[in-house]
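You will see chain A twice below: alongside chain B first, and alongside chain C after that.
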Partner chain A sequence: MTPRDVVAIGLWIVVAILVIYTIRHYIFTLNRVFGRHRQPYVDIGVGAWPQVAVFVPCHNEEKVIGGMLEALLAADYPHDQYYIVPINDRSADGTARIIDDYAARYPGRVRPYHRTAGKPGKAAALKDATGHCDAPIFLVFDADYLPGPNLVRQLVAPFFDPEVGAVMGRVVPHNLNRSLLTRLLDLERSGGYQVDQQARMNLRLIPQYGGTVGGVRRSALLDAGDWNEDSLAEDTDITYRLILRGWDVVYQNRSECYEEVPENWPTRIRQVQRWTRGHNQCLKRYAPRLLRFPRHMRVAQVIDGVLLLGVFAVAPVLIVGWGLATALFFMGYPVSQSLLVLFAVASYSTLGNFAAFFEVATAARLDGSRRRIRLLPFLSFGFLVNLLAVSRATISRTSWRDPGKSGPTWEKTERYRAKGGNAA
Partner chain B sequence: MSSGTGSAKAPGVSPLRFRGAQGGVIRKHRAMVGLRWTPGRVARAVSLSLLGFIGVFAALPLLGRLYAIFFEEVVWWVGLPAGVSLLEIHVGSLLTIGIPYFRLEGPWPGTGHWLMVGGATAALFLVSFVLPDRFLPAKYFLRFLVMIQTVSLGYFALTTPPFLYPLPGYSAGLLTAGMAVLVLVPLVLGLSFYIFDHTFGQQLALTAMLLVHLAVFLPLQVLIHAWLIHNLSALVQPTLFFIFGLLLQVLVFVAFYGWGMSWQGTELPASPASERRP
Partner chain C sequence: MTVLSFVGVLAFTILWVVLPLLPALRELYAPSDVEPLSMVGRDNADIARFSRHFRDYIQANLKRLPPDARSGTDFIGKLPDGTGIVHVVTAAEGHPVAELPADAQQRIVVLEQSAELPGREQFQQELWARKELAGGPGASYRAILGERSVSLADGSVVLRWLHSVGTLTIGDRAHLYGRCSSEARIRLGRLVGFDRLGAPSIIVGSGSEIVGRPPVPESMPAFERPERARDMGDAIRVEEDCVVPAGVLVTGNLVVAGSLQIGIGARIEGSVKAHGEIQVASGAVVVGSVVSRKAIAIGQKCWVRGPIISEEQLRLARGTMIGTVESPTTIVGRTVALALGTTVHGQVIAEEGGQTED
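Up next, the complex of A and B:
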């Protein structure tokens, strides 16, 4: 076997991986458009609503926490069954004062939890707060989100099903007209939720609990081993532990909540790199357990679970593929042979593969955001930035190593609301 | 009794379920909308795809001849000292397609080429650092371009002539790949566009515009590649192949596809709130 053959085999493997993800995109998109929608809990409007604690982890959130608490206080949910727990983790700004002010104005309904010690980070904060609350259902919102009045009820409804361990709602950007980036992120989010998450729900695969605009059942959480305070992505981490313990995770496409998306590229890169490190950590932890094919899981669920965990590892694979294709080109592989042509088309899948464009365009069309679809070709720029940012985060040692004794730290996305945007 | 109340026998009652305040229409929430996979929809998507595929396929010999005429006419205008020959591709016994190519050698890099291409590469690399952060994707793209070009420079610095891919074979290969994309267009649209709620006219219009655009684009792309390789040597050939070859054709497809998907259809409603600025 010549070196050229070895390179060619490597390239075929890369192409095979990309083709698998391409097929996945097509299946999800076609299912979302033409498949039977599975939204079994969306009609529940009347019931013996359980007690709910809404966690809002905060670290220096003075710009947005007030708006968040106002929105949650306006929630349409029985007041005697509902309280808000702003978890202030050592904020150095005015967050604590704002929270205490609300607690004084709404005694019993706003119950602050101030952390002054212990591991920093969202997962550790949630774990501490969980130990101090006895509600059977916890909802979690990041501080920059803006939930509507019906959202709490919608997110709690699935918990009437005793097999449901976690619920996830849909995230919709509200600052989408700030810059090209925010518009592109709106398209990406649309594809991710309107198509990807809903198709996984329809197909009974693994909808992902996303760490905000969602909730968990206390008993399920404790059964799965509580929040993992060493995790860089506590949301993905708890999703997989719940699934492996036999609990259902449910996605509610109708339960929408507004968020702020990054308005400039450096902020976006930091966000993606944080997600990459957390996701890869989960890949290392849970892919081997999934691949033992637990009895209670269907084969399709296992395959989807592994592919979902591997989604951030595709970027460096693609870069390796580009390297191999370049090497093969200079080693004299005939241009007319189908391999390079196939690879050029397949590589477009993450740099700009058509299946991904198909998914995003379909999602935006379902959303009724028709004119925005014209920005589709610009997504390739977003893919290029993601590709490099994700690859850099993946090859960094911290991406695969468990954090040390101190655990993860707060890695926050810049907030814009108070200063009226920072488009760059 | 039943004649007054039975919904099955009361035409016009069913639409009342969707009648909102002041006579407006109650629309399905965007979380619930979808399309039905009806036999008519499938038949139309399949027949349009197949007809398009067969039509484009059958037109390839004619297209090849037109491209040959175009190349013969245009080489002198752009200063390419090239003849035009035909590479015959036989598709079974059905068709013989003549793919025109330039009888012209891309020069091995000389001092002038090194200075020009090396200088341009260095300049692009510097520009990628000067651009402000809001152009980050452009910065990354430039660096990606520079990376491929640098590998190419390294390769030509270490090897001796002849280059692995002579210009005639390269131009024929690029045009062949482009014509393959043309043939695939109706099939990809069948899976991704014809299945939606666009009118028949919209489906035909997008297909026609895309095919005509690509059919005109392809020979121009090959011509520009040949001109650049002839004037800047084979130093630029790898970059042209990887970045400005098939990827560019796919991007053209995506741009048209995005435009077509933005057209109002017959079933899926547009959201007035999201129809402001794209």
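Up next, the complex of A and C:
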């Protein structure tokens, strides 16, 4: 076997991986176009609602925490059945003062939890708060989110199903008029939630608990081993541990919540790299366990689970593929033209939620937003930036090793709302 | 090749490349769609929201009518937004409103007095009854808001929504498309089709068939867990079909990977979920919810306190009671069949339609 043959085999392997992801995305998209929309819990409007603790992890969130608490206090959930736990983890700004002010004004309904010691980071903060709350259901929101009045009830409804361990709602950007990036992220979110997550829900695969607008059942969380405070992506981590224990994870497309998306590219790149490191950690931890094909899981679930874990690892694979194809060209190797065409098409339909243009276009149409779809060609730029950022994060050693004793730190996305703002 | 032809080819090539980007560039520099998606806060489960919106709309528009149209006499004309309206103020109590103008059925109809309609009408706009309303047989309505009791005779059809502040009575073979709700109770006749129902009490039939909750026995043998079962948090998970024997007590939640049969008079002090079908035999009690990815059949004289969620057919047999007046709940199925004597406290959602049985 010549070096040229080795390179050619490498290219075939790359193309095979990309084609698998492309097929996955097309299955999801076609399911959303032609398949049955599965949302069994969305119509539950009345019931004996359980007690709920709503966690809002905070680290220097003075710009947004007031708006978040106002929105949660306005929820139409029975007031004696839910309380809000802002988890202040060593904020150095005015977050603690704002939270304490709300606690004084709404005694019993806002119950702050101030952390001054222990490992930093969202997962560690959630773990500490979990130990102090005995409500059977925990909802978790990021501090910059703006839930509607019905959202608490909508997110709790699936927990009437005793098999449901976690629920994820849909994230909708509300600052999309700020830059081209925010508009591209809006399209990307549509593709990721309206098509990707909902298709996984329809097909009974593995919808992902995303950690920013969702909830977990306390008994399921403890059964799966509690929040993993060493994880850089505690949401993906708990998703897989719940699934491996036999719990169901549910996505509710109609449970929408506004969020702030990054308004500049450096912030976006840091965000994507953080997700990459967390996701790759989970790939390393849970792919081997999935590939043992647990008896309670269907084969399709296992395959989807592994592919979902691998979405961030595909970026460097794609770059390697480009390198191999170029090398073969200069080596004078007669690469099959059909292989190259397949490679080119698959390249743009591969990267997780990022570059699946067919998914994004379908999502925009399902959302009824026909004009913003015109921006689709610009997703190519976002695709390239993501490709490089994700690849860089993937090949870094920190992407694959567990954090040290101190655990992860708070890695936050920049907030843009005016201080004390209450935008809705 | 001359310089001119080179420049021409270059310009044409650039134009050719840029052409598909023109809509994108236009949207970038002259944004026409930069508002956040206006979906946050939607609530599909709020069954009476259309009627509330209509009440707000009609009250606001009636106030904006000119003074002579609000002088306490009948009015036929248009609302300020151009919608046609018939405002019947002076009809005698209980008098059949036979003298409605010929084109009343194309307008919004507001009835200030209680009224009986003769039947066979086809109302193409909403009907707002400020007092009791009794519809005649075979009538078709776009939507009805009744501020007191509403009674629709046999064969009536409601196309979009129906809300009654008082008791709502529906005759045999009627069809209620869309949302149907009452703040008091709904009584459904035989072979009534429906999509969404909501009321403190929804009763199928005359009510004489209602049997109430089964009694709680003083002692019951405990459920023996099957071989292929394991603890999963606060639930028992069974990786095969499961049968709960008659008269047995199950404490806690039960999740079954196959089908589930609950025997006569068994009692579940928790919730049950099955990936396959669920059959609940007569007289059984489930204190929590009943959830299945397939069909659910609830036997005669059962009581389920929590929600019932079926992703296929849901059938409630005679004398079954769901929820309580103090603790209403929701039942959901792709299709729903309700036998005579069934009582549901809360909401009934049939994604592809439901029907009461003969």
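Just so we're on the same page, the second predicted complex is superposed on the first by the 402 of 424 C-alpha atoms of A that agree within 3 Å, B and C clash if a C-alpha of one lies under 4 Å from a C-alpha of the other, contacts with A are read in each partner's own complex, and residues count from 1 in each chain.
The rule is simple: a contact is a pair of C-beta atoms (placed from the backbone, for glycine too) under 8 Å apart; a residue touches a chain by one contact, two chains touch by 3 or more.
Since this is a predicted model, take the numbers as computed values, not measurements.
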item	value
Which superposed partner A:Leu376 touches (first chain B, second chain C, both, neither)	both
First (chain B), second (chain C), both or neither touched by A:Leu384	first
Partner chain(s) touched by A:Asn177 [first = chain B, second = chain C, both, neither]	both
Partner chain(s) touched by A:Gly148 [first = chain B, second = chain C, both, neither]	second
Chain B versus chain C as contact partner of A:Leu291, first or second or both or neither	neither
First (chain B), second (chain C), both or neither touched by A:Phe358	first
First (chain B), second (chain C), both or neither touched by A:Ile13	neither
First (chain B), second (chain C), both or neither touched by A:Arg254	both
Partner chain(s) touched by A:Asp367 [first = chain B, second = chain C, both, neither]	both
Residues of chain A contacting chain B in one complex and chain C in the other	42, 177, 183, 254, 256, 367, 369-372, 374-377
Residue ranges of chain C in contact with chain A within the complex	20-21, 23-24, 26-28, 31-37, 39-47, 196, 198, 232-235, 237, 239, 253-255, 257, 270-273, 288-289, 291, 293, 305-307, 309, 311, 327-330, 332, 346-347, 349, 351
Residue numbers on chain B that touch chain A, as the complex places them	29-37, 132-134, 136-138, 140-141, 144, 148, 151, 155, 164-165, 169-170, 173-174, 176-177, 180, 188, 191-192, 195-196, 238, 241-242, 245-247, 250-251, 253-255, 257-259, 261-264, 268-271, 274-278
Chain C partner contacts - residues on chain A that touch it in the complex	38, 40-48, 146-151, 153-154, 157, 160-163, 165, 172-177, 180, 183, 186, 190, 204, 217, 219-220, 222-223, 245-247, 254, 256-258, 295-296, 367, 369-372, 374-378
Residue numbers on chain A that touch chain B, as the complex places them	26, 30, 32-35, 37, 39, 42, 170, 177, 179, 183, 194, 198, 253-254, 256, 264-266, 269, 325-326, 329-330, 332, 335-336, 341, 344-345, 348, 351-352, 354, 357-358, 361-362, 364-377, 380-382, 384-385, 388, 423-424
